[in-house]
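Dropping the structures in below, format is C-alpha cells.
What follows is subunit A paired twice: with subunit B in the first complex and subunit C in the second.
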Partner chain A sequence: MNVRAPLVWSAAGLLAAALLPWYALEDGLASGDWLSGLWSSKDYASGVAQAIEHGRWWLAPALLVLVACLVVSFAPLAQRRRGALLVATSCIGLVLFGAQAFAIGLRGWSAGWLVSLFGEMDGQQIGIGAGGALVLVTFLALLSIGLALRGAFGGDTFVAGAVTTVAASILLFTAWPILHILVQAFQNADGAFRPQLMIERLAEAKIWSLRCLIGRGGCGVAWNTLFLALCCGAGSTALGLAFALVATRTAFRFKRTLRVLTVLPIITPPFVIGLALILVFGRSGLVNHFLEWTLAIPPTRWIYGFPGVLLAQLFAFTPVAFLVLIGVVEGVSPTFEEASQTLRADRWATFTTVSLPLMLPGLANAFLVGFIESIADFGNPIVLGGDFGVLSTEIYFAVVGAQLDYGRAAALALLLLALALGAFWLQRRLVGRRSYATISGKGDSGLPTPLPDAARRAAQWIALPWAAFTLLLYAFTFAGGLVKVWGRDYTPTLAHYVKAFSIERSAEGLIWSGAAWNSFWTTVKLAAIAAPLTAALGLVTAWLVVRQRFVGRATLEFATMLSFAVPGTVIGVAYVFAFNVPPFEITGTALIIVLCFVFRNMPVGVRAGMAAMSQIDGSLDEASATLRAGAPQTLFYVVMPLLRPAVVGALVYGFVRAVTTVSAVVFLVTAEYDLATTYIILRVINGDYGLAIAYSCALIALMLAAILLIQFLVGDRRLGRRSMLQQRGRT
Partner chain B sequence: MSVAFTNVVKRYGSVIAVSGISFTVQAGTLVTLLGPSGCGKTTTLRMIAGLELPSEGRVEIAGRDVSTLPATQRDVSMVFQSYALFPHMSVLENVAYGLRRSGLARKDATRMANAGLAQVGLENYGQRQPSELSGGQQQRVAVARALVLKPSVLLFDEPLSNLDARLRRQMREEIRELQQRLGLTVVYVTHDQQEAMAVSDRIIVMNAGRIEQQGVPRDLYERPATPFLARFMGESNPARGHVRRLDPQRVRVQLGHAQIDIENTTALDGEATVAVRPEAIVVERVPGPTDALTGTVARASYLGTHMEYSIDTEAGALFATCPRVDRPLASGDKVALILAPRGVIVVES
Partner chain C sequence: MKIGLPLAATLAITTGFCTTSASAQGVVNVYCSVQVEWCTLAANEFQKATGIKVSMTQKGSGETIAQLKAEAQNPKGDVWFGGTGDPHLQAAEDGLTEPYKSPHLAELHRWAVKQNSDSGGRTVGIYAGALGFGYNTELLAKKGTKPPACWADLLKPEFKGEVQVANPNSSGTAYVEIATLVQLWGEDKAFDYLKKLHANINAYTRSGTAPIKAVARGETGVSISFIHDGVTEALVGFPVKVTTPCEGTGYEIGSMSIVKGARHMADAKKFYDWALTPEAQKLGAQAKQFQVPSNKATPVPPEAPKFADIKLIDYDQAKYGKSAERKRLIARWDSEIGNLPKP
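Moving on to the complex of A and B:
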C-alpha cells in the first residue's frame, strides 16, 4: 500500500495528461468525438499534446513535475524520505498548475500587471476539462499520501486523503467563490480595481434610506431586510416556543398531529406559503371577496409588502423553530424542576426562574435560525414583496434584471453576508458554549413539571389557532390547483395538472408534452445526483472532525459551521462570479448546479453526523482498530451502519433541499437546465397561479415519495433493545 | 511475547499524561497497571495497543520496535471497559469481525469464531444480539473476540468495572484461569487493589504519570516503598513514630508506649512515618500487656463479618478491624492495642 499508492496515482495523472483532453469540451466527454483529435486538434488535444504541438508551453512545467513524482514513487527510499519528497514535488506541482491556470486566461495574460511585466502574449486558454482536472486531483492525492507517509494523520493514507478532499473542496467551492464577491465589489465593469466604487455602491440611498420613518416612501433594502429578519426571528421563536410547550408539557391530546407540522416546511418549497397567502388575502383572494360581497369594502393590497412577507415567513419558519425548541424543552432535565419545587418554588416560579433560563441558549439558537432563514429567503419576498424590496431580491434584479450590474450585486451580497455572519458571530458571542446540555445519561427519572396554568393557556391559545391556520393554508394551496381561475371561476378542473404533466401517446412512443416535465426531470436528476454526494461528504467530514485528531481540525469544523450561515443568494451570486471564467469555467452546466446543491446542504449533513456520532462510544472505533480493521473498514463496517438514521437524514435533506431551494440556483439555471422551483417562480411572476400551485403540489408529493424510498433503501439500524445504554457505558 | 517500555513519555499539548516510564512484561505472565484515576495507566495501556503513539521513548512488542505503528498493524487485542461490542452485529459476527478484517474467508472465520465462543463457554449464543446477553456474558464475548486473533499480547482496560461484586470475583477468576491455561501475555488495567492482587503475577503501581513501585503482589502489600503505596495498597493508618536500628535486619519502632520489632534493612534512626494495617491491630480491653498502645474507642461499627473501630491513641487516631464480633466494644471504652509486626511498615524515615 505504502509503495503502490503513489505509483498508481502518478501513473494515473500522467495517463490523464496524455490521453484526455486538457480543456473543457463544448459538447462534453460523452460524445467521443475528441478521440480522433487528441493530438492534432487545438480544442481536443491532451495536456502533453497542447504543450508540445499547440504552443501551450506553460503546461509543460506542471507535467514535468508529474514525471518527477513518478520517479520519487519508484526510487528505493525510506518511508519518511519518500513522503517528504512527495510533499515537496506535489506542492511545486500545485503551485505551477495554479500559476499557469490563473495567469493565462481567455485573452492571454489575465491581469494588467502581468502584461506590463512580460509584455503581450498571444496564447490563451479556456477552462480546464477532464485531463486538467484529473492532474489537479493527482497532485492533491500525492500530497496527502506524502503527508501520511511522513506520519501526519496517524500515518493513515485514507484519513489524509479524506482531509485533503474535504479541505480542498470547501476551499474551491465555498471560500473561493465568496472571495470572488469581495473582489467583484471593488471592481468596475472592466475589472479594474476601484475601492471608491465599492463605497459608492454601498452608500446608495436605495440601501440605507430611512424615509419610511417619516412616512414618505419606502426605506432602504438593508433596513427592510434587517427589520424583517428581526421580526421573523422573534416571532417564529415565540410561536415555536408556544408549540414546543404545548407538545411536550401539556396534556394536549393531539401532540403527534402537532409534530406533523414540523415535516411540512422540510418538504415545501419556501414560496408555497406566500402563494397560499395570496389565495386567501390577495386582491382576488377569499377574504377580499367576502368583504366586498358582504360589506362592499373594495379589495385592498395590504398583503403585498412587509406584512405579507413577514406573515409568509412566520408561517414558513415557525415549524423550524418548533423543531429546534422541542429538543431544547425536552432537554431541560426534570430533576432541576423537581429540585426547584422541593425548594419551595411554586410552578410559576419554577418555570420563570429555572426552566426558562435553562432554555435561553436554545431560544437564542431558534432566533438565529429564524433570522438567517429570513434574510436568506428569496421566494416569499419575490412573490409577495411588491415595492418592499429586500437584499436578496435586490441582488437578483441587479444580476438578472435590466441593470446587469455585477459590481452592485457583489456589494449587496457582501452586505447580506455581513448581516448573516454578524448574527452568527453575535449568537456565538452571547450564547457561546454556554449550552446547558442537561441530558446527562445519569438516570433522569423525574417527571417534567406541568406548565403553570397561565403559561399553558397562553401557549395553547397561540399555538393551536396558528396550527389550524397553517393547515388551512396548505388545504387552500391544494384546492387552488383544482379550480379554473382562483377568485373568478371556481369550477373544479384538472386542467392545470394536465397542462403541466400531460403525456401523449404517439407513433414514436410516449411524448412528455406537459409544460413542467422538462424542469421536473432535470430537478429530479440533479437532486438525485447531489443527495448521495452531499450525504457522503457531510458524514465523512463529521467523522473526521469528531473522531480523528489532526492539525487544523478546529479550523475545518469552523469552516463548515460558517458556510452554514452563508445565505443562498450569496452563494448563487458567488458561483456566477467565480465559475464563469477559466480555469474553472462551469457556468451554464448541470455540474455547477449539482456543486451548488452539495455545498449549500453539506453543513447540515456535517451537523447531523456530528450529533449522531457523539452518541456512539468512541471505544467502538478503537475496538475495530485493535481488531485489524483500517480506517476505511471501520468507517464502512462499524460507523456507517450505526449512523443509519443520520445517513437517512442527510440523504433526505440533501434531496429535499435540492428540490426546494430557490435563492441559490435562481442565478445558475439556464434554458437547458431549468429547475422546478425557478420555473414555478417565473409562473407566479407572470400571474399563472393555477399551474404554479399544481406544480408545487406535485413537488410535495414527489418529496414524500422520495423520503419513503430513501427510508426503505437504507433501512433501519439493527440494534438490540438495551443498546443505547451500552453505548454510553464508558462514560 | 514480551512487552517493553523504555523512557516512554506521552504529552497532550502541555499536559503530561505519562512522564518517562520503563518496564517489561515477561511473556506468559499477567501484569497489572494499578493506580488511581488519572494516573496514566489507561494511557499506558493504549500506547501498548497503538491507540495512542508515544511522544517520546520506545515501545517494543516481542522484541520489535512498534513505537510508530498504528493499532491496526500491531499484534495486540484489547478488551474494553465498555466491552465495545458492535451493537449492530450478532455475537458471532462480533467475534468473527477481527478474523474477517485480517482477510480470512467467511467459512474459516465462522469456524474459528465458534471455537472462540466455546472457549469462553458461550457455544450456543452466536446468533444472539449483544444486548440480549447479561453483563458477564458480554464480557466473555469481548474476551473471545480478542482471543480468536491469537494476539501476542492481550490487553484488558478495567474489564470488570461494569459488573456487580459477585460477578466480578467470578470473572476475574475466569480471566486468570484462561490466561494460565493458554499461557497468554496479558496487561491488565484496574484501580481496584484487591482485583489486582487476585489476578496478577506482577503489579506496576502508577501515580501521577510515573511508576511508583513494581513487584509481585505480596511484596507490594507487605513492603510498600512510599506513603502513597501504603495508602493505596490496602488500607493503612499513617502514624508518626520513632525508629531505632537493632541489627542490620531489624529495627525497633516506638509508637507511643508500644514498641514493635520489625524486619527492615533500610530505615534510618529517628522520626519516621509509619503505616499500620488495620487488620494487624489487636484490640483488647484494658488492662492489656504492658507494652501495648492505649486509647479510647471513638466510634464502633458492626459489619457482620467483623467490627470496625476508630480509636484515639497517643500516636494519633487509628482505624482497626477486629474479627471478634461476639463481644463488641462501645465508644468511650478504654482499650489496649497490640500491633502485629507484619502489619507495621516504616514508609519514610
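Moving on to the complex of A and C:
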C-alpha cells in the first residue's frame, strides 16, 4: 500500500501521457484512427509527442512533474515523508497543468494581460481529451494518496480519495461555471470591472418595492420570491409530513396507492401541472364554469398570480418533501417512544415531545428543499404568474428577453443565491449540533407507537383530500392526451399517441417512425447514466459531511447547495460559458448534459442522505471499525443498507429530475442530443397541447416503471423491528 | 484496489472527453427560431436540394442570442434562421454575426433589404408579421362587445380587465407595440395612451405569445399580438380572430444571420442563399405559418393576412432596434406604467 498505490497511479498517468491522444478528437476514441497518428499527427498525438514533436512545449513541465511523482513513489522513504513529497509534487503538477490549460487557448494566449506580458504567441490548443483528462485525474489521485499517507483523513486513502473526487468535481462542474457567470454582476457590458454597477443593479425599486403592503401596485420581485418560498417551504413540509405519517404510522389501507400518488407530481414535466390548473381553475375552467352555472358567480382570474403559483408549487414539491421525510419518519426509533410512554406520557405528549423533535432534521431539510425549489422554480411562475414576477422569471428574461443583460441576470442570481444561503444558514442554526441518532446497533427496538388520534385525523384530513385532488388533476390531464384539442374540442382520438410513438413494420424490421422516439431514447439513455452517478455522488458527499471530520467540511456542504439554488437558466448559460472553450470543451456532447443533470440534482441526494444518516448512530461505524473494516467496507456493508430509503430517493430523484428538467438544458441540447422536455416545450409553444400531453403521459409511465425497478433493485431497509401486522397476529 | 473505487466515476466521466461535436463534411448547424414544423421542413428540403446535412436546433430568438453571446469565443452554430428582427439587429450591433450580401437580395421586398442595409449587411429579412389584436369571439359575443378595430377602441370601458399584453422588459412583442405607438403619435402621446390603457389591462405577461394563448383558451378577451400567431391558434380550432388597428400598426421583420466565425462558412452561405428563394420561403405556409415572405416571387397563401389590407406605418427598424433606444423606452415604461397600481 505504501508504495504500490502511488506507483500504479504515476505509471498509469505516464502511460496516458505517452499512449493516449492529449487533445479531444473530433470523431471520438472509438474509431481507432488515432492509433496510427499517436506520434506524427498534430491532432492525434499524445502528450509526450505534442511536447517534443509538435512544439507544444508548455505541456512538458507538467509531464516532468509526473516523472517526479514516479520517482517519489519508488524512492526508499518513510511513509509521512513520501506523503509530504507526493502532496508537494502533485500540487505543483496541478498548478502547472492548470496554468497551461487556462493560459493558452484557441488563439494563443487566452487573456489580454498575458499578451501584454509575453507578447503574441503562435501556439494554440483545443480542449483536452482522454490523455489530458487522465493525467489530471492522476494528479488528483496522487494528491489524495499523499494526504492519506501524511495522516490526513485518519490515514484512510478511501476517504481521502472520496473527498478529493467530490471536491474537485464540485469545483469544476458547479463552482467554476457559476462563479464564471456571477462575476458578470460586477462587470459592465464590455467586461470591465465595475463593482458599483452591482449595487446599482440590486438597488432597483423593481426588486425591493413594498408597495403591495399599502395596496398600491405590486411588491418587488425579491419580496415576492421570499414570501412565496416561505409559504411553499412550510406548506410542502406540512403536506409531506402528513403523507409520511399516513404512509408509515397509520393503518390506512391504500398506502401503496398513496405513495404512487404522492410521487406523481414529481414525475410530471413541469408545465403540465400549471396547464391542468388553468383548465380546472382558470377563468374558463371547470370550477368557474360550474360556479357561474350554479351560483351565477362571474368567473374570476384568481389563479393567475400568487395563489396559482403557490398551488402549483405545492403540488410539485410536496413529493420532494415526502421523499425526504419518509425515511426520517420511518427511522425514528420506537424505543424512545416506548420509553416515553413508560414514563407515563400519553400518545399526544409522546408525539409532540419525542417523535416530532426527533424528526426535526428531516423537517428542516424538507423545508429547506421546498424553500429552495420554490425560489429556483421557473416552470410554474412562467405559466401561472401573470403579473406576479419572481426572481427566477426575472433572471430568465434578463438573459433571453428584450434586455439581454447578463450583468443584471448575474446580480439577480446573486440575490437568489443569498436567499438560498440564508435559508441554509437558518436551517443549520435550527437543527444545530444536537444528536438525532435513533438507529443504533442494539437489537429489537419495539413497535412504532400509533399516532395520537388528533394527529392521525389531521394527517388524514390533510393528505387524503390533497391526494384526491391530485388524482382529479391527473385524470383530467391524462384525458387531455386522448382528445382532439385540449380545452376546446373533446372528440376522443388516439392521433397524438400515434404521431408521437408509432412503430412501423417493414422488410428490414421495425421502423420507429414516431416523431418522439429520437428524443425519448436520448432522454432515457442520458437519465439512466446520470441517475446512479447522481445518487452515488450525493450519498458519498452526505457520508463525508456527516461522518468524517476534515478541514473545509462546511465549505463542501455549502458548495453542493450552489447548483441547486441557482435557477436552471443561469446554470445552462454558465455551462455554455465555461465549457465551450478549452481546456474543457464539451458543449454539443452528451457528456455535458449528463454532467448538468448530475451536478444539478446531486444536492437532493446530499440532503436526503444527510437527514437519514444523522439518524444512524455513529457507534455502528465504530463497531465496524473495531472489527477492522476499512471506511469503504463500513460504508457499503453498514451504512448503505441502512440508507436504502435514501438510496431509492436519490436514485429516483436523479432519474426523474433528469427526465423532467427543462430550463438548464435548453442551451445544452443539440440536434443530435435532443431531450424529451425540450421537445415537449416546443410543442407547447406551438400550441400543440395534445401531443405534448401524450408525450408527457408516456414519460410519466416510463418514470413510474423506473421507480418500481429502482425500488425492486435496491430493496427495503430491514430495521429489525416487528411490524404492526405481526403484532396484530399475536394479539 | 481501494483507491480505484472513488475515482472510477471520475474516470468514467473523463472518457467522455474524447468526443466533441461531430463536424463532418457537408454539415451546416442551424439555430432555428421559427416554429418547429417549419424548421424541420426547411432542414429536410435544403438537404434534398443540396445534399448538405442540416443539424437543426430549435430555440426562441431570445435564447438563441443568449447562446450566441455565450459561445462567441468559439462559435458552434453557423446560421441563425428566423425569429423577430430586434435580437438579430442586436447581434449585428454586438458583432456576433457576419456581413454577407446574397445574390438574391434584389428579389426581396424593400423592408427585407432595408433590414440588411440597416445592420451593415449582417442580417436580412425573411418574413414580416404585423402587430394587431387577437380576440376571443365567443367571449366577446357573450358579453355583447364589438371586437376592437382601432387602438382607441381598447380604451373603451367595456374592455375593462379584458386586455392582455406582454411586458416589454421581457417581450419583444410588447416592445414593438410601444415603438409602434411612439412612431404613430410621438412619445408623450403614446405614453399617455399606455397610461389610459393600463386601466383595461388584466396582466402584463412575461412571455410575448402568452396573451394570444390566453385569448384562445378564454382567459382574456383581447390581446395585443402578432396576427400570424392568432391565425395559428385559430387553425387549431380555438375561437380566435385577428384584426389590425385602423390608425396603423407596426411589424416585425423575421430575420436570418450568419454566425461570425462559423465553422462551415461556405455551406452556411449556401443555406442563406437558399432560404431567400421562393421555394424555401413557401415552406412557412406549408407549416401553417402565415407571415409575409420576403421574396416577392413567393406565392402567398389565402389564409395569410395580406399586407396590402393592413395600414402599416413606416417602422424605423434601425432606430428602434438599437439597444440604447430600447433601454430608454423600456425604462420610461417602467417608471410611468409598470409602476402604476393595479386598476
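The working rule: the second predicted complex is superposed on the first by the 437 of 731 C-alpha atoms of A that agree within 3 Å, B and C clash if a C-alpha of one lies under 4 Å from a C-alpha of the other, contacts with A are read in each partner's own complex, and residues count from 1 in each chain.
By our rule, a contact is a pair of C-beta atoms (placed from the backbone, for glycine too) under 8 Å apart; a residue touches a chain by one contact, two chains touch by 3 or more.
These figures come from a predicted structure and were not determined experimentally.
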Of the partners subunit B and subunit C, which touch A:G386 in the superposed model: first, second, both, neither? second
Once the structures are superposed on A, label A:G55 by its partner contacts, choosing first (subunit B), second (subunit C), both or neither. neither
Scan A:G630 for contacts with subunit B and subunit C and give back first, second, both or neither. both
Which holds for A:E622: it touches subunit B only (first), subunit C only (second), both, or neither? first
Have a look and say if subunit B or subunit C is in touch with more residues of subunit A. C
Touch check for A:G112: first (subunit B), second (subunit C), both, or neither? neither
What is the contact status of A:I586 with respect to subunit B (first) and subunit C (second): first, second, both, or neither? second
For subunit A, which residues belong to both interfaces, subunit B and subunit C? 630
In the complex, subunit A residues that touch subunit C: 5, 8-9, 21, 24-29, 105-106, 127-130, 132-134, 136-137, 140-141, 144-145, 157-158, 161-162, 164-165, 168-169, 205-206, 211, 215-218, 278-279, 282-284, 301, 304, 382, 385-387, 389, 393, 396-397, 399-404, 406, 484-485, 487-489, 533, 536-537, 540, 573, 576-577, 580-581, 584-591, 594-595, 630, 632, 666-667, 669-672, 682-683, 685-688
Under the touch definition given earlier, write down the residues of subunit A that touch subunit B in their complex. 151, 154-156, 617, 619-620, 622-630, 633, 637-638, 641-642, 717-723, 726-727, 729-730
Quick check on the complex: what are the subunit C residues that touch subunit A? 1-3, 5-7, 9-23, 29, 35-37, 55-60, 62-63, 65-67, 69-71, 73-74, 76, 86-87, 90, 139, 168-172, 174-175, 202-207, 209, 213, 216-220, 232-233, 236-238, 323, 326-327, 330, 334, 338-342
Over in the complex, which subunit B residues touch subunit A? Could you list them? 49-51, 53, 68, 70-72, 74, 76-78, 80-88, 97-98, 101-102, 129-132, 138, 145-146, 149, 155, 162
